[in-house]
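In structure tokens below, several structures.
In what comes next, subunit A is part of two complexes: it sits with subunit B in the first one and with subunit C in the second one.
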Partner chain A sequence: MLSPERLALPDYEYLAQRHVLTYMEDAVCQLLENKEDISQYGIARFFTEYFNSVCQGTHILFREFSFIQATPHNRASFLRAFWRCFRTVGKNGDLLTMREYHCLLQLLCPDFPLELTQKAARIVLMDDAVDCLMSFSDFLFAFQIQFYYSEFLESVAAIYQDLLSGKNPNTVIVPTSSSGQHRPRPTLGEASMLEGVEASLFCQCLENLCDRHKYSCPPPALVKEVLSNVQRLTFYGFLVALSKHHGINQALGALPDKGDLMHDPALDEELERLTH
Partner chain B sequence: MDVLPVPLPSAKMAAVEKRRLAVAQAANFTGSGRPGVSRAAATAESEEDFLRQVGVTEMLRAALLKVLEARPEEPIAFLAHYFENMGLRSPANGGAGEPPGQLLLQQQRLGRALWHLRLAHHSQRTAFNNNVGVAYECLSASGRKKKPGLDGRTYSELLKRICRDGEAPEEVVAPLLRKIQCRDHEAVPLAVFRAGMLTCFVLLEFVARAGALYRLLEDPGLAVADRHVGQAVLDTLEGALQASDDTAPARYLEASSRLGPDSLALAMDRALVARRPSAPMTREEFLEKAAALFIAKVKPVG
Partner chain C sequence: MIPGKYRSVSGRAASNVNCGLHLVIQTSSLPEKNKVEFKLNKETPSFPGRLLQHDLERNYSSRQGDHINLVSSSMPSFPILQRSSEEKILYSDRLTLERQKLTVCPIIDGEEHLRLLNFQHNFITRIQNISNLQRLIFLDLYDNQIEEISGLSTLRSLRVLLLGKNRIKKISNLENLKSLDVLDLHGNQITKIENVNHLCDLRVLNLARNLLSHVDNLNGLDSLTELNLRHNQITFVRDVDNLPCLQRLFLSFNNISTFESVCCLADSTSLSDITFDGNPIAQESWYKHTILQNMMQLRQLDMKRITEEERRMASVVAKKEEEKKRESHKQSLLKEKKRLTINNVARKWDLQQHRITNIATNQDRKDSDSQDHCQNDGSTISAFPEETRSLDSGLTSALQGLSVTDTHLVEVEGDTLSLYGSGALECLDRNWSVQTAGMVTTVSFTFIEFDEIVQVLPKLKIKFPNSLHLKFKETNLVMLQQFNALAQLRRVDQLTIDPQGNPVVNFTLWKYYVLFRLSHFNMQKINGTEVTQNDMIMAERLFGILAHVASSELPQYHLISILGDARKKQFRYLLETKGKKPGIVNEENNDSKRLVGENTNRATLNYTTRDFYNEKLEEIKEKKKFCKMYIEDLVKEATEINMKNEALQKLWPQMFIELVRDAVMEIRNKNSYMKLCLQQITDQK
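Here is the complex of A and B:
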């Protein structure tokens, strides 16, 4: 059945929702890069193949980082491709370092930034020795959160810092003649002894964040769930909780549940056919 | 004629290319910026020319307009099918081998017409009518052994195809086909074609909804519905449809009130209370009877 909402949207908004123009522009770009190989009637075929590959999620292979992170669908497709290509690493139970995972990422995306891989590793290792070994599934799910929700995490980090230093990001600063009047409220005595920030306050700030911003956020209800189980939490504690949350993983829709990570019958079948 | 609300991708691309190349060139020619920039501009312009020459600009414009008209739920998949269809339409690859036989051409035409007809939901009346027009033209095009115009046989085949693809049982749609089919060698004018297509698609949706309604009535364990309850629903539906013989808005209100909880629920309740043992009503029977109510209102082709 039709959902009537999309019929009522103004043209530009409808197109923007699915990033239609992003893909059309990229299709033309790719066409120009390959124009020697294409004849007149091959153009329709070229566009068919291009859009089919977008639908299937193979369009991000070996593309530049700026394209891979351009749309939520691209990011999800990249995550999925990474999982399918390298899940055998997990099957053998190998543990790799951050740099080794980065090499794998660069196989799929030559200019993938090291910084992002480092941030993902910090989630797994709780900001500790970044040279430690990590399991495939630990890295994969942390990487998913870091990569898919990059912008969200940056804002969360800023909010966390504010809360740590006692500033409440929700206070509205009213400009007065003497601006020096506003001073950060001193934290409660015992608060400086406790680690991290208060969960409920943190939750409130995140709710405001999700309301205000258009980029992808994890479903607010699930974020609330994560925060409702604890009194206080640290930044990396929060990120780890996000990465291990089944509901968030499912809502994202790129990767299977942790238990099914090694299970990919479609790929197994294809490999069987190739090797026999 | 059609003004696009957004800058066309190829023009925008050429502009982006121009900027990118200009920046790259400027970085290399620190002293003599001029030659670098003009060379970059020339490359970008030649790319835009190339795109226009091979028809990409026009192709994308048409595609974008189609997307905006149809507003599909999955625009990227829609675009993939759109270009695939376009690829099929281009002349057979270079003429190598025999041109496709008459039967294959006929199948291709039917396929294309079907594709056009499915682009927009029948409730999007303007878009739907446009697509019906294109489908009609597609089927009426003259071939090597074919006279121009749509003949009754092709029309009937199309109707059957639509019903089959819409998963409507044959017994359900047979009465409709009998009513609106044309004789094999009769010429089918556009107005008849359009009415027929609309009726067909509306019937399919009607049958789908009736199926959903049946699922509500059926006993989960037995997968059948009580005859009296089923009959009560059908009777109420018939009454509501009769009320809307006139197209005045008041009639719609009357019809919907008959189908509202007050009326319909009461009818079902009465049937349940007065239940006597009887053979249950199967899904097929329910759908056939429901469809019959709809088909009764269809004007037969003169």
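Here is the complex of A and C:
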């Protein structure tokens, strides 16, 4: 707790990094919204419940998208809630379209944007026919990557485009970057003739990205692992690999392994009780 | 002197009267003299021969015939007719050549005073050699083989022309016969009435047993009293109203099937006698009274007198039919108007949904179309102003178009209330009679945004309490969440979501979601198919956990804020039982289900329309800003205090040592310290 790096940050930044302020602000906002009701049973109790629910991950239910997206913990909680609520749909074996999954998402978050769901669908379907049917597990893992790491993925996409067109993003000047590593440019011929980009170069760029990115990103070691298996890869190939990687899933901590996706003994019990 | 053997011939025709002429024909080919007695043919064909007979009796007195000699002429084919001067004097104005086996008309010499000429029952093929008989009044060529009317152009005095039972194909060459009184052309092959328009003295025209298919071109026959058209193929009749004197019209055995085809008869003021028997029209149920109703001037129909009773009946029936026709016309008008309005609403809807790309021109077209329809409707409705007054209540109870404008349509038809277009929702504000509202069990929404419907659902609940079946078509149902809004209704037995205009139906799971969310309604049917127990179980299986999570895992304050006032009491109760196991909470939910009417564990699944939602978010923005500032202030305070605390932490060791040193140095000299303390105490007082 009393690590030196923690004390090294100025107070405000420290709080911001841990997203404490987000929750504080939201708590006070909720308090204001419902003050007549809450005043009935006490403010202290309200705060207890609020932070309890934050810990349990139920605070994001039926909340607006801006809140859900606000912190990584919120995102992870949302993913977990989605999994728990609609695991039965997946268990039933139905293949659904992107729009149907989006509908289910909207049941939990009324203003969830369609673009995110579309992007997730593109990962599953490798950018083809977005109206195809998808299985629950495929969609869920792809959606996890897309939603949790959305900003990171945007940057990756930009890098990929740069690499495709032959530019080396390392020479792009980033204001906050201190490391100005200059690498020799890859020959244009190489990049354009074959599909995708060279894995090792891509890996290097991503490492740099992870270093300077202030948003969450997957553990660099695991990213390296993903990229070390192949020579060349496309953008969507990379994303699919990310989504299927067990390590990343575990690092995220929201969803169980693919094998265990359909199992949830506690809720199954609950379900039995409800239906009989 | 008549030879005995021929006298018997004349005896045969004793019942027939009057003139007989003895004719002796001598041709070069015949060795012997043939004396044949002619009688004027008194057999009447299908021709009301009374008239003819009457006329003849009037004009021509009967006489015995006289001898005639026919000698051969210089022309080999034409026999020449000669009569003894005795006969010429006796019967100077009449000549009968009946049944003389004539194949041609003989040349008649020296008989310029002849007024009556009879060629009945011969084989004459052409009318010839009579142009010198310019005093001729009566010419009878019945039963010959004449194919063309000709050779009559000099007979300007002719009054009676009998050409029945010949082979005439065309009426022609009658131009000079302006005095014609009777024209008999029955039993021929005439297909068209023509070239008779100049016969302004003609009183009787017989065209029975011909090949006429229609009747027209009768103008100019200003004296015509009787027109016989029996046994033709007539399908329609025209121009009869142009005949000012026509009293008798015989149309038996033709092909008339509707009154419209003979409607000109209604305009004829002179007609008193008409026959239609043997026509298809005579088989119709409405035949008699239609004819009677439309031809008030008639005295006889199909040779039977028309009684007052019949006339009265006819008018009654006709009135009833008129009523019925008017009513059905009104209905079809209404239907048409409805159809147009629905089309209009549909077009507006499509525009709204941006399905029509070319908005500008369509807008114009729509406006002009609706204007046209307006005008059409206006003009046709004004043509029947008395409709609204003479309504038969029995006919209109089935259909009530209550509100029809260009932009929306509200219709109550028995047990169904149909609303087209968003403007129709306003009808829920109207006052409805308890009876009408009570009868409505089905409500159908078309071309209305679902979000708009959601807002009036409470009103629907109140105004139409018995509505059990809801139908939605073209209402833009896109999200499963929207079904949550239906939970607020009292009860729904059946739900029909038409795939057209409702994308949500394409989802595999939509029915299960509906069954799950609206489980408290115990719905019977969705989109026409029965809801089975399996469906219900599946629905629970799929979404049961969602309900569980939505109710038990939500923090209490959140629950309350979602559910609002109505549920506060309930949840206060639930709050108190919070410590118990979730299973028991469920049971209590089931109990309270009877009270509240809804399974509360899914009550949190609400639907707020997009607009409302955005509004709410906008409102919260202010609060959020305030919270942010407030927290910032708090953080600032906290960091300041923290800084101060840290600074204090740093300085404290030093400060502590100094404090101790100061204290020790003070107490070093015991005596001076004691004095100092005492001094301090006295100073304090």
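One rule holds in what follows: the second predicted complex is superposed on the first by the 235 of 276 C-alpha atoms of A that agree within 3 Å, B and C clash if a C-alpha of one lies under 4 Å from a C-alpha of the other, contacts with A are read in each partner's own complex, and residues count from 1 in each chain.
In this text, a residue touches a chain if its C-beta (ideal position, glycine included) is under 8 Å from a C-beta of that chain, and two chains touch if they have at least 3 such contacts.
Being a predicted model, the structure only gives us computed values, none of them experimental.
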Legend entry - Partner chain(s) touched by A:R18 [first = subunit B, second = subunit C, both, neither]: first
Inset, instruction - Would you check which partner chain A:L201 touches, where first means subunit B only, second means subunit C only, and both and neither mean what they say? - result: neither
Legend entry - Which superposed partner A:A44 touches (first subunit B, second subunit C, both, neither): first
Inset, instruction - Kindly classify A:N52 by the partners it touches after superposition: subunit B alone (first), subunit C alone (second), both, or neither? - result: both
Inset, instruction - Spot which of subunit B and subunit C makes contact with more residues of subunit A, would you? - result: C
Inset, instruction - Tell me which partner A:V230 touches in the superposition: subunit B (first), subunit C (second), both or neither. - result: neither
Inset, instruction - Quick one: classify A:L107 as touching subunit B (first), subunit C (second), both or neither. - result: second
Inset, instruction - Considering only the touch criterion stated at the top, classify A:K35 as touching first (subunit B), second (subunit C), both, or neither. - result: first
Inset, instruction - Kindly classify A:L271 by the partners it touches after superposition: subunit B alone (first), subunit C alone (second), both, or neither? - result: second
Legend entry - Those residues of subunit A which subunit B touches in one complex and subunit C touches in the other: 11-12, 15, 21, 24-25, 28-29, 32, 41, 52
Inset, instruction - Provide the residue numbers of subunit A that touch subunit C in the complex, in ascending order. - result: 11-12, 15, 21, 24-26, 28-30, 32-34, 37-38, 41, 46, 49-50, 52-53, 56, 58-59, 61-62, 64, 81, 84-89, 92, 94, 96-97, 99-100, 103-104, 106-107, 110-111, 267, 270-271, 273-275
Inset, instruction - Note which residues of subunit A are touching subunit B in the complex, please. - result: 2-3, 6-7, 10-12, 14-15, 18, 20-21, 23-25, 27-29, 31-32, 35, 40-41, 43-45, 47-48, 51-52, 54-55
Legend entry - Interface residues, subunit C side, partner subunit A - complex: 479-481, 503-504, 506-509, 537-538, 540-550, 553-558, 560-562, 568, 575, 582-583, 586, 604-605, 608, 613, 617, 620, 623-624, 626-628, 630-631, 634-635, 638-639, 642-643
Inset, instruction - Please name which positions on subunit B make contact with subunit A in the complex. - result: 5-6, 9-10, 12-13, 16-17, 47, 50-51, 54-56, 59-60, 63-64, 67-68, 71, 73-77, 79-80, 83-84, 86-87, 90-91, 93, 121, 123-124
